[in-house]
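Just so it is clear, A, B, C and D label the chains in written order, and each chain counts residues from 1 on its own.
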Amino acid sequence: MIIVMEPTATREQINVVVKNLENKGFRIILNEGDVMTVIAAIGDKRLVEPQSLASYEGVQNIKLIQEPYKLASRTAQQHDTIIEFDNGVKIGGNDKPVLMVGPCSVEEDYDGLLRVAEAAKEAGVYFLRGGAFKPRTSPYDFQGLEERGLKYLAKAREATGLLVVTELMDASEMDMVCHYTDVIQIGARNMQNFKLLKAVGKCGKPVILKRGAAAEVREFLLAAEHIMANGNEKVILCERGIKGIDSTFTRNTLDIAAIPVIKKYSHLPVIADPSHGTGRRYLIEPMSKAALVAGAHGLMVEVHHDPDNASSDGAQSLSIEMFKKYAENINRLIGRIDYDNHHIEAKV
Amino acid sequence: MIIVMEPTATREQINVVVKNLENKGFRIILNEGDVMTVIAAIGDKRLVEPQSLASYEGVQNIKLIQEPYKLASRTAQQHDTIIEFDNGVKIGGNDKPVLMVGPCSVEEDYDGLLRVAEAAKEAGVYFLRGGAFKPRTSPYDFQGLEERGLKYLAKAREATGLLVVTELMDASEMDMVCHYTDVIQIGARNMQNFKLLKAVGKCGKPVILKRGAAAEVREFLLAAEHIMANGNEKVILCERGIKGIDSTFTRNTLDIAAIPVIKKYSHLPVIADPSHGTGRRYLIEPMSKAALVAGAHGLMVEVHHDPDNASSDGAQSLSIEMFKKYAENINRLIGRIDYDNHHIEAKV
Amino acid sequence: MIIVMEPTATREQINVVVKNLENKGFRIILNEGDVMTVIAAIGDKRLVEPQSLASYEGVQNIKLIQEPYKLASRTAQQHDTIIEFDNGVKIGGNDKPVLMVGPCSVEEDYDGLLRVAEAAKEAGVYFLRGGAFKPRTSPYDFQGLEERGLKYLAKAREATGLLVVTELMDASEMDMVCHYTDVIQIGARNMQNFKLLKAVGKCGKPVILKRGAAAEVREFLLAAEHIMANGNEKVILCERGIKGIDSTFTRNTLDIAAIPVIKKYSHLPVIADPSHGTGRRYLIEPMSKAALVAGAHGLMVEVHHDPDNASSDGAQSLSIEMFKKYAENINRLIGRIDYDNHHIEAKV
Amino acid sequence: MIIVMEPTATREQINVVVKNLENKGFRIILNEGDVMTVIAAIGDKRLVEPQSLASYEGVQNIKLIQEPYKLASRTAQQHDTIIEFDNGVKIGGNDKPVLMVGPCSVEEDYDGLLRVAEAAKEAGVYFLRGGAFKPRTSPYDFQGLEERGLKYLAKAREATGLLVVTELMDASEMDMVCHYTDVIQIGARNMQNFKLLKAVGKCGKPVILKRGAAAEVREFLLAAEHIMANGNEKVILCERGIKGIDSTFTRNTLDIAAIPVIKKYSHLPVIADPSHGTGRRYLIEPMSKAALVAGAHGLMVEVHHDPDNASSDGAQSLSIEMFKKYAENINRLIGRIDYDNHHIEAKV
């Protein structure tokens, strides 16, 4: 930790800071410049709340050297985390990227869901996604089928063998959701719902953690850290678009660079959601390709049997017909990427 | 709702959209321009998911005319909501702005908390704030005293007569928190934790809802709508800073203009939090003044008996000594504002 | 244009707006809803300053239907603009993407520049880029070699046959810069320097217009419109990263989705600059690939013979050695993209 | 400057960085931590391009300690810069804030301009503002009267004794603009038009520099530094709103906190522009008050004799009638602020 003192800081003010840090076990190196004094404090940042130091008289600002996440960090674990499922599918490392496909919301029409699942299976997809609990900006929008939706997902899994991904919105429903799902999803709006992160930290299922719309990469990795510090290391990070400067043409700004950035600083798998990340159907395919060549370990894409009448997010969903063409193009691209080589490049 | 068709949209594509809307009970006005066709659909937006329309072939974009919030809207209720407490204190309308004062986190040193509460009372403040459950970006930071913290707050209330404000982080703890508090606070990171909003909608206590760091005003009012639609109309909105373009000098960008904007479009009371909104102690006073003259109904300010050793947010907390001077200046300013006149100006 | 009136607007206020618009030649359709009145004004937006309408009593807001750019719009010209150079190289449409390669600043070491140019040529590159006038945030940073830099570029062109791209910062230097360059670059900070846009509108050379760091796509296309409306239709748009929410890991957020968005709404060629767009060398390759598969017509990449001692932007420059490996990978990817098909996909 | 090495950096990589810095005259302090090595380089940052260091193998990132601006910095000059005009009016320090009032664009109706100027004078205002050269997002919007507009301003000055403020858009027009104006304004879109900054650095007139819509405070002060380093120290900084997350209700987000922040780190006067900063007429008064109590040295406000027919920005202009009421309220507030005391508070 580096503490930069104001140019006007007195000797006494400097001493107060130094003594406080020494008391907390830090080793101190004092650099007295012509203009200002800089204090380097060597030791474990977790011993001190850096913001509290900022309140000392004479302190100009604090610069952290070590990032505050530990378990999620590439420093702590050099090799990639690879999450393996019972059927042998893997997410992470140099393994072939996976697709997660399905409607935004599970709806009453089970047959529609099944048709999506079957089309997915036929295209070589292993994961079926669908929301039973829907976080909606307006209280008047469709809120999801709740447990009935989970049952439909489980039924579709039975019929097709696909693994199920669904969102958990509240710790009190964790047991119910875990009963039906293979992968738990934490939505972007809940990325800093720490009670929920703690809860899924105590469950054994893999967790897809979506990046909050205004979350810095550091905050995103710290949210993963909340899950990992509670015992669950099977975390998959999902870039799904940040608040951009322009909402006329896209719903969010898909931050493609975050994929190689996260792969450099963390060992966790990273996937992308081009449906939410753009909000426009015609952007799903180019942005899926962009995410893959930038190193994504997977894609989460909304597919609906009748997007025009979907109860949510129809505009960013592919129809089954569109999906077939999409899957063909994406599978062709995946077939052409040299993953062993690719991985190395992304890390250089 | 206005549906703008692509310049290349066919007659058939236009008909599909029109028929769909008519089936849902909308009255249609068709404007066929030289370049493109524009469809105006008159009726209740809640009958249709506007985003789903965007997926129809030939649709360029959808423009909403009516805002989707109802209960929170000034259109639905012309007069200001005023929240009145048992001791006669009021928040909202043309009433004198209120201060909410106390440490970021309640800590083991009850005596310190009491000294803050006493100084607040002496300065004419009616509300003591303090966190017992702390949402922290890092899992390794102090997480709060939980119920013990709530007990300290209740004890300080008994000693001073101040009303207590504290944060609720999870629906499962609502009964416990309500038992001890007079006002429930929902933190910025939970602004779209819809389960939590629904829960506090069913409790009788006034709720302070903090604006998310990337929440548009529309999303903020819709979050309030979630609480109101579940039965609790005593919602106080709190501007606490949005993600800005510059984090070197301030933690967030306090969006002062949001105060008169919200007062124009909603009848709910609006307060500001210059501590979180800036993250710097020296900015608390000028930004408190700015919020007040822009029309804020109150201020939430962090005061700690020993900021240098606070377990959280010391850098943005005032010491008791600083607070005394601050309260003197703020009270002088409040005394000089002509609130009846001020209110009218803010609305013009 | 749609004018939404306040719910409280009087009949008289509505009449004032309607009469004003009719006087300006608009055809009016009045939709009187239960809650509010909506006025649709059909006609040429250029006849009226929409913001001025917003000042009328009773007007809530104005929604534009037609985008204000004309010449840059896909509506005005359905087919792609393709810019062709004397040596037969083309930018735009379904043509093979081009690379523009060279140092951020041209420096005194001409031999270094030549080595970069030769490496570029060997890799099949047709454009050499380099700055002679440097816009620098600090007045104390290196400001460029000015005309001497232009001469070095021209000399390297003579030696290698590469086309030269260089930045113009001020209209007064246009003749000088045009004398030496094949393509004029307008920097992101000058995207709304309207005097400069007007000037290059009157020159015959193709112009690369970089997107401002906070420019919406609409503003970007309007900046292009300034050039085109002054007579120069050879505009190449360059996405180079927008101000993001996180400057810890990247300098800007490269908005990859802007590439297919612009291709849908404009016929102009679009390239990307992954060097400025990320500010980190290790991100150049993955983001170059992402831009290409998302449909970019070209890439602008910084390459320096000695990045560790570059006078600007060394951290985002490739060395010649790195560039060779990079070009091999990028050329392999370009070879694998089916451009005819790709283009269609990006537009769907 | 602090250079943080990657945890995996080798001894040799560290030595390369150290040797390079020593060669450039820096004194080096090496902190070898358990996890990573941190190099502190003491010396003048201007000797090295910090970004170039970032390109060395093994370097994780660079943290600057000293801000790169010098002349604009409070460190270089402790006392406030006060700009004094021939008629005795002062801007800066503890002097009474000034108002700058007038239409966005000067128009053909000179009589209208004169009526605004007379109303301003009557209200105790000393500055008349108005644009003769207009930077417009669209090439089809009104571009200003150019020299004829300047003549109207000069005529109004003669009639009323008000000082004139007008925008300069291009260095080539500097002599003409200086001939007519008392204060030169540099617009937000030109904040980093370095040729223009350099030009006004060489003229003797005071310069109002508007903050770019996405400019960090550091970039803003460095833009001022460009003017000062070229010889003109009479720079007035103007906060005029940054790109926010919500453009539905306001055009920009007026960053009120930037006012006390800049006053802490720079000695230059700071004013605010609540017209551009909000884009809504009803927000001008509350935001003017907010800026003043936060410490602004002045306000720039758009007033038009007929806002409904203004050729630009009518929606954010006050009519003469509204201005009279506004000036009364603002003057009353100014009369109540204790400026000597205020200044001290803002600096604490």
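FYI, contacts are C-beta pairs under 8 Å (C-beta built on N, C-alpha and C of every residue); 3 or more make two chains touch, one makes a residue touch a chain.
Bear in mind the structure is a predicted one, so any value in this text is a computation, not a measurement.
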Most distant chain from subunit C by Cα centroid: B
Between the pairs A-D and C-D, the one where more C-beta pairs touch: C-D
Cα-centroid distance, subunit B relative to subunit D, in whole angstrom: 31
Centre-to-centre distance between subunit D and subunit A (centres being mean Cα positions), rounded to whole Å: 39
Between subunit D and subunit C, distance of the C-alpha-averaged centres to the nearest whole Å: 26
Sites on subunit B at which at least two other chains make contact: 214, 243, 245, 248
Sites on subunit A touched by subunit C in the complex: 214-218, 242-246, 248-250, 253-261, 264-265, 277-278, 282-283, 285-287, 289-295, 329, 333, 336, 345-348
Subunit C - residues contacting subunit D, complex: 20, 46, 49, 51-56, 61, 68-70, 135-142, 169-172, 189-190, 192-195, 212-214, 219, 222, 225-226, 229-230, 243, 248, 279-281, 307-317
Touching residues (chain side subunit A, partner subunit D) in the complex: 2, 4, 7, 29, 31, 33, 35-36, 38, 40, 42, 63, 65-66, 75, 214, 243, 245, 247
